[in-house]
Amino acid sequence: MVIVMGPDSTPEDIDNLVELVASAGGEAYVTRGVSRTIIGLVGDVERFANLDLRAQPGVSDVLRISVPYKLVSRENNANRSVVRVGGVPIGGATTTMIAGPCAVETPEQTRAAARMARDAGASLLRGGAYKPRTSPYAFQGLGEAGLKILADVRDETGLPIVTEVVDAADVELVASYADMLQIGTRNMQNFALLRAAGEAGRPVLLKRGMNATIEEWLMAAEYIAQRGNLDIVLCERGIRTFENATRNTLDISAVPVAQQLSHLPVIVDPSHSGGKRDLVLPLSRAAVAAGADGVIVDVHPEPETALCDGPQALVDGDLAELADVVGTLSGVLGRTMAVPPEPAAV
Amino acid sequence: MVIVMGPDSTPEDIDNLVELVASAGGEAYVTRGVSRTIIGLVGDVERFANLDLRAQPGVSDVLRISVPYKLVSRENNANRSVVRVGGVPIGGATTTMIAGPCAVETPEQTRAAARMARDAGASLLRGGAYKPRTSPYAFQGLGEAGLKILADVRDETGLPIVTEVVDAADVELVASYADMLQIGTRNMQNFALLRAAGEAGRPVLLKRGMNATIEEWLMAAEYIAQRGNLDIVLCERGIRTFENATRNTLDISAVPVAQQLSHLPVIVDPSHSGGKRDLVLPLSRAAVAAGADGVIVDVHPEPETALCDGPQALVDGDLAELADVVGTLSGVLGRTMAVPPEPAAV
Amino acid sequence: MVIVMGPDSTPEDIDNLVELVASAGGEAYVTRGVSRTIIGLVGDVERFANLDLRAQPGVSDVLRISVPYKLVSRENNANRSVVRVGGVPIGGATTTMIAGPCAVETPEQTRAAARMARDAGASLLRGGAYKPRTSPYAFQGLGEAGLKILADVRDETGLPIVTEVVDAADVELVASYADMLQIGTRNMQNFALLRAAGEAGRPVLLKRGMNATIEEWLMAAEYIAQRGNLDIVLCERGIRTFENATRNTLDISAVPVAQQLSHLPVIVDPSHSGGKRDLVLPLSRAAVAAGADGVIVDVHPEPETALCDGPQALVDGDLAELADVVGTLSGVLGRTMAVPPEPAAV
Amino acid sequence: MVIVMGPDSTPEDIDNLVELVASAGGEAYVTRGVSRTIIGLVGDVERFANLDLRAQPGVSDVLRISVPYKLVSRENNANRSVVRVGGVPIGGATTTMIAGPCAVETPEQTRAAARMARDAGASLLRGGAYKPRTSPYAFQGLGEAGLKILADVRDETGLPIVTEVVDAADVELVASYADMLQIGTRNMQNFALLRAAGEAGRPVLLKRGMNATIEEWLMAAEYIAQRGNLDIVLCERGIRTFENATRNTLDISAVPVAQQLSHLPVIVDPSHSGGKRDLVLPLSRAAVAAGADGVIVDVHPEPETALCDGPQALVDGDLAELADVVGTLSGVLGRTMAVPPEPAAV
């Protein structure tokens, strides 16, 4: 059950409701969005029925939601949401391209990749400073030094930053640099991290676990939402199957299915799905055609020297073709490409 | 190893080569295509090296092929093949839409579905007279009576027929009615059926096994090719994974991957992948955008009464939208929609 | 709905019931087992309710069965079935070991493998004369010549023969040599083959499809049962998953689950599951401990020269250890090892 | 590359080696085990070759290890390890049973479950105070209050405690109560948590990720080992597949495979694999027969009121049967059941 507060509701109205729900043996989770505040109720629905919630001061609407993910469900919000990252929209009538290096390695490499990204139509910069790696002996990222490089490159190029956080203890630090926090596939059910991200005051890019059902993915988003943050973008990045011709199997159906079940934007990562440079272009076309709200791709000025995932990184020529085809297909489907902010320093 | 014969080669040239290969302890499989005859060699490559095959009469080229699927591999034919079904092309610069009922039930239902299909831009009619069903108690198809209905409807609408065959013993009968033989997902490794289809003188639509790797799929096609039939169209129809929000998981990456590995056309079945009417449109868009050479969809005049797979069948309004978007996307990608033949009887 | 006929029922009683069911718009499938005849009804259960079936001559019992697999379900027969193959029991209080070469190659190899098998406690001989192979260029088996070798070796060793059939057209021929027909994993949903096997008058070993759910496996068995043959043994042989350290993933839970749902015996193939010699022993122990009614293993006198699956074939020392541990574990669990018949020729 | 230090090596010897490796551009990770100290080297093996490591003071042996998981590999230690938890051995010639409630709910429920466990032959008590739950609205565990209940019950029953930790920030607190830290399936690649567990001074029970390959599982163990802790027990708990008759698919082959690749003990969780009470017994038998070093099972005095996973919890009668059969099978395979310590307070 979800209570939607009216635009004129006061903090006292909210406190009043939280107490009322508690008096009926339930719990109330308050989520303050940009445009509205919603209160999720947990507990015995029959008891709440006696509270006459709709008549309480400040209440605009009361919804019964049948699915287990309440706040992120389409039932809670029939309109599809738009999430803004440093001013750049994801969702709605735009298609947003996010590009950048898998890992931040040096200022030069990051700057070069960011310029490639911007030239090719990307409006957000991705890049990992904290890298979750299968092997403890693999490159684990530059940490805070990497975040500083990203912040410098943002100043130069104007591109807001999307970067991964892998431990709840690092969320505050990463959020102090990043415009958007990324939660990776291996951490989709790291619930401490989800809760911390929900309280960090930054939009969150939530990658689907490589073995997660769509319902589990939405439940993970609900952990973030429940802490008061509905600025969540879902990212399909391939699931694990018996097929080994590709790194993962891009579940393209997850785009329309997640959009039917949830109001959150859904983007696609064709680089990690296919794991091969020459699959990025056809998979990006498929993603946009299926209705994805954007794509996130790996780029690298010199893939053969990359410390991470070089074989799937796009190079200059690929990027131009990608930008061209994504723009054209978006247009056919009635969308426009998101535009990046101007650089602060220009 | 594959020997490509020249356009002027004679039957004696071919007999000569078969004997020569046998004399070296190998086996030669002759495949006569429309434009050229090729001979696949099995055995010890080192021994063949001494035969001076390239110098034999009638030989145009000799190729060493590294992959286990020889005749269907891209190494054997760098150009992508076009397969013609009753005059309708699949592959090359066209996008081909195949539509029709999951199962042939009555003349009226089949006729109505065929008209829906034709009006919506389909150029081939699908429809099952022999249905492989998980349960022995489920509707198993009308058999030959269904084939006669399909033939009548072909006369009326002009649409060539694609229909499934499930037993090697039925291939000759089905081929006497059908323009294209379909081999279904459960029979992808029914090798007796594959061999019979390879000898039937009809193009074959080979659906991917729901648990088959792309390599196994190409090996199944090789069984058909080895019997002298290279008119094969591959059809991705979803694989089985842990995700249960969809009937199967459409492996969209299989389209570009199979096209890189093989010269055969690749189409997509969005109806059986998603298993839900409202997924057919986004998945069809994704298929065309990924580069598929066509789509095959279920339609039914009254899905709620369908004896098979009603929930995924498109109805009139859906079909018009599908035709519109498939046509537009094809155009953006430089393709044109295949056009159906005129009805014989009009 | 299933009608169980009494021991004194006559053919006229059965004909009478079939007509009665037809008169109510239903269909009746008669299955004559060794100990009893059962009639499976398909159609509208409400209509049958008016027929007073229980009062008809010869009827012993009438069961409503809720699961889609009727004849093979535990609801139809609360006692677990015993299937006899050339006098050797599978099921009940025995553990049955089936062993032999993956493929019949020569009389000598088959004879040597059979003697290894018998010495090690096997009571049935497996061996493939028709081999379904992923590649058309791989060894496809000796065909009828292989069946003759098997029959000769049966005469010498006394071991009844289990051998695969891959095409409905071959069932009669194979059944004329074999004591038990094997249907392989790739053909689990080859419905024409299942029906033919159901009419062949031989017990059937039905391997689980590598991507089949347990329910689909039981539905495949129902196709055989519906043709009048309830002498079916289920064989779990591993399913396909993302894990690639083993050839397939042995689904050990399938043993107790299938035994709960069906009255048919369930055995395990540890050779094809693991795909490695050194996994056969631990997986066989696990199978017997989980309650399997037997195991079927590959053996070969010289695995390094085997034309098929050499790496998983057991050699002499392994076999003795296998026989020892399977016998001991069976004893702990209250079972005894099945004993092979004496050779005819000794 | 791994350096094994001799029993008489000094801290100075180790410091000397760490510096030497650093001087060659490498990194050295020191792991102090109970019986020996090992130093894992990361970097260019060719450079290390010039250091004459074998001749350095305190060095007993230098091993080149070919697999990516170095310290946990069988190449590093040909003997299978025994891990001691509060004095109770896991591994070697013992079979260890761990039992307890899925979640700690009340002192009474935990005490009753612990007594059931002890009576039935368990020598370690499991119980969750921190529960990772798919839904943010599900019971998340009692936290530190639950740890206190567990500690009290340990005093009463003598059973050392195994309990889960879900966040790196909680490791120190949980380790102050627990005898063994459990890392759950969803956190198998939570690398911050793995590292923290590696430094906590407690043995670790590492569950396999539900979609992790065996190699990834061993790499996760390597993260713990690299921080100086080789007291790791691997736990197979089922993987995710298309089969839905069971909660997960127990990968029984993972037991012998992991034991071949690693020297760490491997146990099995039949409760979470099957997800049903009546599968626990056959799967436990299979686990012990496959060679598992133990089993971990859910028990609950009143499963129908359990806050978590009631349907899979064993009750009294089941437990006695489990203890009986596990003891008997262990004996047949040459193992003895581990014995729990006496209660401190008795």
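Going by the order they are written in, the chains are A, B, C and D; count residues from 1 in each one.
We take it that a contact is a pair of C-beta atoms (placed from the backbone, for glycine too) under 8 Å apart; a residue touches a chain by one contact, two chains touch by 3 or more.
Protein names from UniProt, one per chain: A, B, C, D = 3-deoxy-7-phosphoheptulonate synthase.
All figures in this text were calculated on a predicted structure; none of them were measured in a lab.
Q: Counting C-beta pairs in contact, which comes out ahead: B-C or A-C?
A: B-C
Q: Going through A-B, B-D or B-C one by one, find the pair whose contacts repeat those of A-D for over half of the pairs by residue number.
A: Repeated interface of A-D: B-C.
Q: From the mean C-alpha coordinate of chain C to that of chain D, what's the distance rounded to whole Å?
A: Taking the mean C-alpha position of each chain, the two centres sit 39 Å apart.
Q: Quick check: how many Å separate the C-alpha centres of chain A and chain C?
A: For chain A versus chain C, the centre distance works out to 51 Å.
Q: If you average the Cα atoms of chain B and of chain C to get two centres, how far apart are those centres in Å?
A: It comes to 34 Å between the two C-alpha centres.
Q: Taking each residue of chain B in turn, which ones touch at least two of the other chains?
A: 211, 240-242, 244 - these are the residues of chain B that touch more than one other chain.
Q: How about chain D: which of its residues touch chain A in the complex?
A: 42, 68, 70, 132-137, 166-169, 186-187, 189-192, 209-211, 216, 219, 222-223, 226, 240
Q: Okay, in this complex, where on chain D does chain B touch?
A: It is residues 240-242, 244 of chain D that touch chain B.
Q: Which of the residues in chain C end up touching chain D in this complex?
A: Going through chain C, the ones touching chain D are 211, 213-215, 239, 241-246, 249-257, 260, 273-274, 278-279, 282-283, 285-291, 328-329, 332-333.
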